[in-house]
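The two complexes that follow have subunit A in common; it is paired with subunit B in the first and with subunit C in the second.
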Partner chain A sequence: MFSYCADPDTLGTFRWFSCYLTNGVHWSFYLSFIKVLALLAVTAPVALGFGFAGAMAARSHFPPLSWLGKGYIAIVRGVPDIAFFLFFVIALDQAFEWTRHKILCPDWTDPIRQGNDFIVCQAAKLPLGTAPEWVHETYGFFLAVITFSIVFGAFAANVLFGGMRAVPHAQLETAEAYGMNRRQTFWKILVPQMWVYALPGLSNLWMVLIKATPLLFLLGVEDIVYWARELGGTKTSKFTQYPHGDWRMWYFLFLLIFYLGMTRFSEIGLEKLMRRLSHGQATSGGELLRKETTA
Partner chain B sequence: MSCIQTIQDYGLRSFGFGERLLPKTDFTLCEQFTLIGSGMIWNIYFGVMALATGFFLATALAVGKASTNKWLRKPAEWFIFLFRGSPLFIQFFFAYFFFLSLKKTYPMFDAFTSAWLGALIVLFLNTAAYSGEIFYGALRSIPKGDIEAADAYGMSGWSRFRRIVWPTMLRLAWPAYTNEAIFLFHATTLVFFSAFPAWQQRGDALYYASYFADKTFNPFIPYPILAFYFILLTLVIVGGFGLINKRLNRHLPTAKRAKMRFKLNLAR
Partner chain C sequence: MKNLILSTAALALTAGIAMADTVRMGTEGAYPPYNFINDAGEIDGFEREVGDELCKRANLECEWVKNDWDSIIPNLVSGNYDTIIAGMSITAERDEVIDFTQDYYPPTASAYVATSDSADVTGGVVAAQTSTIQAGHVAESGATLVEFATPEETIAAVRNGEADAVLADRDYLVPLVEESGGELVFVGDPVPLGGGVGMGLRESDGELRGKFDEAITSMKADGTLNEMLIKWFGEGTATYGTDGSVVTN
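Moving on to the complex of A and B:
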């Protein structure tokens, strides 16, 4: 990056590091942090949507739908989340390819599962064999986002379901007395009030989501864990201008600090949000705020 | 090959007994059930050992964090923040590479780079931090009257802690602690997917499940088997902790007994 980086052997420690940390592969490392943040930014709203749908299904008065919702909530609790991650990445991929296979190659007669193989016609491959590299990477990332959303959607469904039940029942009865139907009661009375009850759970979930992002590595995305392992490993002067020993420990220490920073930052932000939402609410938090302002 | 034979060959495969080679083709349901079940031994080992040792450090951390002495409080707070604020996955990686570089200078750290000890230490510290926070929360919500009653009886110091504070703390924390135990057992599946190597393919349940999924390219059989084992394990934990909960609450009148609510926190 800098002009004096042409011959790293001649440099003092500080300048050597300024060159080392700005070489090409390190830019890929820094870019992968953006990947993690993008995953968070996309997954959080989508998972919330999944959660909302799940909670609505669980509350439904139509039994099969409510079983579906409750089953969705319950199953993710009993099983380690990383098992789900590993499962969904393959399962989703196969589900997409299977669907495309059925639509695109209707006259294909061979079975799709042959022994230990999963074979679909060329046109149904996802992404297509001819697709450029970035399509493959985006597809991998896309699968990761859906997987994360399904798993965290179940967590969110549980939290939102609890939040909906925590809204005082008298509120709903009053709405009914005013002649609102079920749909109106749900959207105009229940939903606006449930957030303050759901927020502690949702902020907890956000923390868990942040801490789950390194699992992207297991889904085959070239994320920060991947790069930290790659860059930290021992490099000899044969392959790079910047030979060094095994520095993986330091790279992971850096990741550790990055995540601690993220946690602290979120804690502060969520506390501010909670204060705002508690304002004027009939909860102990709201009461505390009222006393603070009047005292 | 009959199923009994398979169980004899692979039942303890995860600890290196029995058949050396893993099955390569024509996987039967029995083989998958046996090997994944064999891997569960590791999950149970990690979970039980980490819980048993972490419990004591957690108590110490909770007392430390609730202390008025700055020199006790600050280290406990930092310890809890460090382990609760960063992903367990990264902790495993860091610890492994840390032990690896220690090993280079001091060969006596050899055992620390293998999963049975190195990963156990990480899990021990991690669960101690999470449970410590739970115990700290419980410690702060001990009814004031209980402490006052203890004072009135002339108890103080160790005897007050041993007879009043600690049992009440456990009683209040127990439902959340059960939750933590469940999630700790789930977290044990991360061990062989982080840096710790599965030496001679002796891995945990998820290791074998993903082995089968990779070989057959069919995730719909091994992962549900794994899920079955874990749901079973979760039920056992809930049952076992429920019994302890009953004992902790046995002095209370039936109506006042805190019912075990497992839907407290979904995730730790």
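Moving on to the complex of A and C:
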């Protein structure tokens, strides 16, 4: 990074750290923070979408759809996260490749499963074997987003399902009395009011999601915890210009600060959101707001 | 005209497949001097150098991929990469699941390291990395085995007293002992384990295995492999004779 970094052994502490903290491997570490933030930014809305669809399905009046929604919620909530992350991703990846294999290589006669091996034709590989490494990494990231979304979507579905039920029934009856049909009642009366009931549960989920990002490494995405462990480990002078002892504590301390910062930041944001959603609601929060504005 | 476009497209597609000789090399990146991440953030080490040379000799385009040790075999058999080149010793148990090339590193000596000479390596608590031959050896030796996911953690366990000793490849331990300032010492005699280090491949990938086997033979024959062994493991390491036999120095 800096011109004086050629021979770090001769540098003073400050300059040594300025070189050490800006070497290539540290940039990968900093990049992984962006990866985690990107994952959160993408997963949260997608999971909410899954949750909304799940909750809508679960309260459907059409039994098979309702079973589907309730089954999704029950099964995903019941399976331990780590089992889900280990099993589901490989299964999902193989399902994609199997489908592509059937479509792209119909002439292939060899079995796909040969003993332990899972073999599809070259053209069905996902991503293709020739694809550059960044494509593989993006694909891994995409699998991570889907997996996180399905898991957290199930929890979100349960929360939203509860939120929908918490909307006072009188509101829905009034809507009907005004001549609204079922669809109108749902979108115009129920949905706008349910968020205030769902938000405490959803904010919990958001916090858990932030802390669940280290599971990314199980999916082959190098996240901040992986890099902290890798960089903090003992380095001997034979293999690096920056030898040091076991510094994992300091790296993990930095992660602690990062995660606490994220938590605080989220709390402030969620507080503001709650205030906005409470406006005009028949809840104690809404009542408080009304008094504030009229006083 | 339409036909022409179609056939060109088909040609381009098949050409793409014909060129698909990229071999993805899976490694751990946490086991110096075999493989590690250097200051620039790239995979480096003995196996990086050997692997690149093998690919050159076998006319393959190679790409390096990192994967953690625990799931390195499952990801190979499900096709996420094509080889394992991660200091993996050839053992009968692993051979049932995957195939190995011939060894490019002679059968290794493992060693115990502890904080004092008096550590009890057969009756005490001994740390080793999960799913390694060393972990298997400790379990059979009568000592209490504690397993860790990474080699780094096994050393940390000895330093903080959680384990009395650690059993790992001697080559991994040498630089750590040298730079510990007397805190860590070798205990007892080296333990010969495993059938050397080879590249792991899917059992169905015989053709690729043949190519790598041939390249390893040629590297043994012209002495380039020995140069790399000495460069990364020092003068005292075992090398290969031109006929592929192991020479202890």
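We adopt the following convention: the second predicted complex is superposed on the first by the 290 of 295 C-alpha atoms of A that agree within 3 Å, B and C clash if a C-alpha of one lies under 4 Å from a C-alpha of the other, contacts with A are read in each partner's own complex, and residues count from 1 in each chain.
Throughout what follows, contacts are C-beta pairs under 8 Å (C-beta built on N, C-alpha and C of every residue); 3 or more make two chains touch, one makes a residue touch a chain.
What you see is a predicted model, and the numbers here were worked out from it, not measured in a lab.
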Considering only touches as defined above, state whether A:Thr130 meets subunit B (first), subunit C (second), both or neither. second
Now for A:Thr293: first (subunit B), second (subunit C), both, or neither, which partner does it touch? neither
Look at A:Ile90 in the shared chain and tell me whether it touches subunit B only, subunit C only, both, or neither; answer first, second, both or neither. both
For A:Leu255, decide between first (touching subunit B), second (touching subunit C), both and neither. first
Which of the two partners, first being subunit B and second being subunit C, lies in contact with A:Trp27: first, second, both, or neither? second
Is A:Phe118 touching the first partner subunit B, the second partner subunit C, both, or neither of them? both
For A:Thr109 in the superposed arrangement: first (subunit B), second (subunit C), both or neither? neither
Return first, second, both or neither, reflecting whether A:Phe239 touches subunit B, subunit C, both chains, or no partner chain. second
Residues of subunit A contacting subunit B in one complex and subunit C in the other: 90, 94, 116-118, 217-218, 229, 246, 248
In the complex, the residues of subunit A that touch subunit B are 75, 77-83, 86-87, 90-91, 94, 113, 116-118, 155, 158-159, 162, 201, 204-205, 208, 210-215, 217-218, 225, 228-229, 232, 246, 248-249, 252-253, 255-256, 259-260, 263-264
Please output the residues of subunit B touching subunit A within their complex, sorted ascending. 25, 81-82, 84-91, 93-94, 97-98, 100-101, 186-187, 189-190, 193, 206, 209-210, 213, 215-220, 223, 226-227, 230-231, 234, 263, 265-268
Sort out for me which residues of subunit A touch subunit C in the complex. 23-25, 27-28, 90, 93-94, 97, 114-120, 122-123, 125, 128-130, 132-133, 136, 217-218, 220, 222, 229-230, 233-234, 236-243, 246, 248
Across the complex, what residues on subunit C touch subunit A? 13, 16-17, 19-20, 22, 24, 29-30, 32-33, 36-42, 44-45, 63, 65-68, 71, 74-75, 77-80, 82, 97-98, 150, 152, 155-156, 159, 175-176, 178-179, 202-204
